[in-house]
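One chain, chain A, appears in both complexes that follow, with chain B as partner in the first and chain C in the second.
So, the complex of A and B:
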């Protein structure tokens, strides 16, 4: 009987190893995923090409240079119906940025006040803030926009009611008129010498910055504390006010006045802008209030007590101990709320505010029939905007992150 | 000490003096008001301002609410009733619009003789969702939860019963294929079979077989197209479908984003960032304008289904970020412990990592759900009749032209109730899962 010696296991490669051998498995999975992804995208692209060919369309951005042919009632730069689609898109982009910026500022102010007041020991104030926060957070933003727009158009007096003996009157010493055509506020008139005034103002801001730096450095060196806040305030106001009178009041105000059937002069803020702005800031403010509240609660009580034990006064405790720690918790979600607000400004469609979605992604598409190009550009704009904002956030995060280990 | 003391004092009182009442300012309502409303000058100011605001708001709103008209056929009729009852031009809400258009606000243009179907679907939905929400209920109910999507679809859209049944049969086929193939061919082949066989069944067999069965035994409900859906029913269907579908997708995306596999990781990051970077409204317009470009020529499918897909993808990207936060918050030791126990990736995730990570991210997950539910109102812009779209339609009719606040209050209140109860539920869940250590 002959026995054959067992052959030594061959070190050869067999297909099963691609799946069962952990050395190769991740590679296999990735290659399969890559192939599937590429198949999917090529399927999409080939469908699109085929569909475009069937419809007799091409993929071409040159329509941006053509005459737009529609009017935009709300604009920050010169625009007429003779301008190009690209110009219309730019007007829309600026409008989006305008309402987003105004909204972020107002929402931050509302949110910080509401968040701090919600923690107040005052029973009725904290209850009111709870009602505000829960009320705004749990109802769709779109409903708020429409409701505030209806309030602005239905609940406000007509311009003719502002006449002598009418039912309505202007606010703030006859300077602001809230009517159903919009809000009229005094407009600044830049006279000769306003440039010099602007330069003085910028210089005083530079001065404040330098003073703060100096005060900080001096405190680090000697321990002596200089009056930063009072001096900053004085630097901000005194030179500008002096220059204003020395230059002979170069900046005047153009008050809105009732002429005929409507107001003339002043700055006309349309109801669509006001309603969108108010709704966005009140809605986002409710979210920011919760973030601020969470941030303040996240700093443990021991920190305050420790600061008091070190002999810091309450305001210095707030500025040097509590705020730096609370801000680290508050800022990242705050920025993502800003991002949400910017994206939510696309709800301008509900009130007819001409933002980038209505120009580039709306009327331009309807007029040229270029859905694919228009939506791609629109999506690209929003994507770019949010990438810029979120990379700024990441930069800030990495700066204030706790350095451990 | 005590001895000397006892000797020096001549008289020691034997009975206790009864405690005096605290000063009036230190008890009851006085103390509460002083401490909670008027503890400092700033608080006095704030309290006075707040009370003034509350009084002002109530003075304007209460008459409007209390002197409301609930039975009228049109706004002019409403005004006449008001003038007769409360005097000319009194502040008065006309909630008659809600009573008259109640069915429309709830069901849109769903045929009235079939209202029992969405109502039954809603009741069954409550039954199906209760074992998921509350652990105390019998676990056997989960089986009903699993088949509820098919029942709900069949009740709402109608058609023959064979379609949903054959789709369920596909899952049974997959399960059977796995059980049969696993001992003979190994896990991998069985898994592939369990995926491919049902897919083949759904794509090639279900259509013809369902057609034949419907010919032989036409059991079913009247078919109702998505175009007739509207009102809160629409918001609810889109919201619930989006929530149910986006949760598992969000978990997968979050795991993909945490993965070490380069291509998986990068494609998940790209998907999440692109979806999150663009407003939902742009995605909805994409779904309604562009989807026809991306699909094979001639395909055309339901607008509502497209919306559900878009809302799901949108919410899944946000969900993925929330869950990623939970995954990142887990201590590394948990991952290492799972590896040390010899668990493979899926087991480790399922048994150790995800239960803890999901628990951490409950508030964020529920916030995403609430956001998704609120975002269902955006479908009005692509022509679906959600509550806000219906309110516009109601206002466009001659009877109710010029009515705003009553509709807004009603719609807002319904959304508020849904969203607020979701947020309360998340707080309850957090408390229940609290283990005392993180």
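So, the complex of A and C:
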């Protein structure tokens, strides 16, 4: 009991340890970085506040409730110059969503087709796709938007050329007019009974889904392959067409007709929408084509050979073996292409398409002088939209990714 | 070392932010005037064949530069669109804006700018191809109208069609050049903007005679240069430079005879204007010959009008409201005393 372990010498804490002692160093660095970051942001905010004060401006969102006073040509909801700036922003948001949605769908279709065809063994087809991909990928999007818009404005006839004795005429039994103000197509007119027709249509889609499920289950059980495609097509068309005639043709068509300065009636797809949509789809489609090609090449050649060895035909090999595996590689970069397309739609101003950038972030700002408020709202909107798209696609990605057991 | 540089830059940024109120000092220490103009509207502001900006609005910039710096060439022209002009001015990118901008209550007070006078009394009109056979703006129901976004004309257009129960299809356009291209391609039936702008645009067409400007004037568009709110000293300099050009025409001071008259005349008003009598220059912190420089830069108001817009030019605008008050116009410079 005489020997007791000497107490370890009590180290007194000194400041130098914060830097030289590995136990504290990382903490110190993080705190310093945090303080600097906070200083930077507080400087940013105080600078903004100070500059606003110098200009005699306040920070106020109440302008959104004031009368907008300007007109918007493409409106998916009711809007007039008597509506508020908030309503104008909403009209713009819907226009952005419309072109982004149409663009994403078209870009995916174009991209998948071009990506698969670029791997084609046909020399001409694969080279053509290479030209498409490299041509669109390597030229700025803005140029494509303007080029397509200019082509449509300069290369198509004016509405007054469609008059009797004019140089232009309508297509498809006088139902479609392609003019330099846009494409006019017949618009559906929903008569009484169209709701019933709609219900029949939805029911036949449910029927298709049920039939595919049944066919799949039966194939799993017995190995017998049922004709899925033909039956689906019949289910889609036959009940709807029958109901259409039984109900006495409830859906009519409103044909565009030349009246006054412009075509009246029908559906007016403005050149600005078409140019923006085409340019966004073709541009993003080129990137998606490369993603699809990369995804397919990432599936090892052995998989194809194994599928052939089992006696699967090339189309089934593609659908059942290659694509499900390729999707895992394709989906994540595809998400960022969708986000790019959505954000790129803000180039709409180049062709006068009234998206949210043109209404909320353009005319409203200009008429009210609320630059900071407008830009913050605009940034917030794009951030929110991107996060929604990204989380929806991530959800889909988690469904198709490799299920590890 | 690095950190001190960082903080130094930060401090400099703060100081710069605080000091921007004194535009005159900024301009004099910089040695050039940053002047916002349009992206190209013949007669008002457009680059000529040598790449030099010229026009009626450009001349105002040059006169201010001459008054402040003694050199009409010491101007950095910043082309702005209808949408970017106010942000450019509010952010301090430009010292003044001379871009056929309409003086309105809300721009003056809500957007926090200071209009320093009116250099062109205008009104909004419509231009249509003659072939359409339209003779009145009341016949335009259902027409497609090209309109520059972010302008007062956009709001007037909406009000006019609404008040007359007509509908129309607006085609929003960013610049005058784009509007011209769309209009000529027939993508819109009508182009609407200030009547002076219509005349200027029409003058550049291959066949100006094929297009008519409709008789209706649907708004008042007093166009003038403007500066930021909060620097009254700088606002006064721009205001009185413009007044000097107008007064010079009234008193018969031209770019040709200004040097001679600056030797002294019988007329005390001219003497005060040209700085041979009194200390008017010092009151706005400029040299006493500031007005002489401004007038020498391009001439008095009448000379500028004749050179860029008048009946001798392809644009061919009559003086109309923009004549001196003795001749039935609205130009009326306050006394120089």
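By definition in this document, the second predicted complex is superposed on the first by the 371 of 405 C-alpha atoms of A that agree within 3 Å, B and C clash if a C-alpha of one lies under 4 Å from a C-alpha of the other, contacts with A are read in each partner's own complex, and residues count from 1 in each chain.
The rule is short, and it goes like this: a residue touches a chain if its C-beta (ideal position, glycine included) is under 8 Å from a C-beta of that chain, and two chains touch if they have at least 3 such contacts.
Quick caveat, the model's predicted, so the values are computed rather than measured.
Number of chain A residues touched is higher for B, counting chain B against chain C. When the shared chain is aligned, chain B comes close enough to touch A:379, but chain C does not.
By the touch criterion defined above, A:368 lies against chain C but remains apart from chain B after alignment on the C-alpha atoms of chain A. In the overlay built on the shared chain, the residue A:70 is in contact with chain C alone; chain B does not reach it.
In the superposed model, A:357 lies in contact with chain B only, and not with chain C.
Once the two complexes are overlaid on the shared chain, A:154 sits against chain B and chain C alike. When the two complexes are overlaid on their common chain A, residue A:47 makes contact with chain B and with chain C alike. When the two structures are aligned on the shared chain, A:56 is found in touch with chain C, with no touch to chain B. By the touch criterion defined above, A:271 lies against chain C but remains apart from chain B after alignment on the C-alpha atoms of chain A. In the superposition on chain A, A:349 makes contact with both chain B and chain C. Of the residues of chain A, those at positions 47, 50-51, 54, 154, 349-350, 365, 371 touch chain B in one of the two structures and chain C in the other. By the touch rule above, chain C contacts chain A in their complex via residues 10, 13-14, 17-18, 20-21, 82-83, 86-87, 90, 106-107, 110-112, 132, 140-144, 149-150, 154-155, 157-159, 161-162, 168-174, 181-182, 185-189, 228-230. Residues 43, 47, 50-51, 54-57, 69-73, 80-82, 153-154, 158, 160, 180-181, 259-262, 264, 271, 349-350, 352, 354, 358, 362-363, 365-369, 371 of chain A touch chain C in their complex. On chain A, the positions that touch chain B within their shared complex are 19, 26, 29-30, 33-34, 37, 44, 47-48, 50-52, 54, 117, 120-125, 128, 134-135, 137-143, 146-147, 150, 154, 343-344, 346-347, 349-350, 357, 361, 365, 371-372, 375, 378-379, 382-383, 385-387.
Residues 35-37, 39, 43, 46-47, 50-51, 53-54, 188, 260-264, 267, 273-274, 276-282, 285-286, 289-290, 292-297, 370, 374-375, 377-378, 380-381, 388, 404-405, 408, 411-412, 415-416, 419-420, 423 of chain B touch chain A in their complex.
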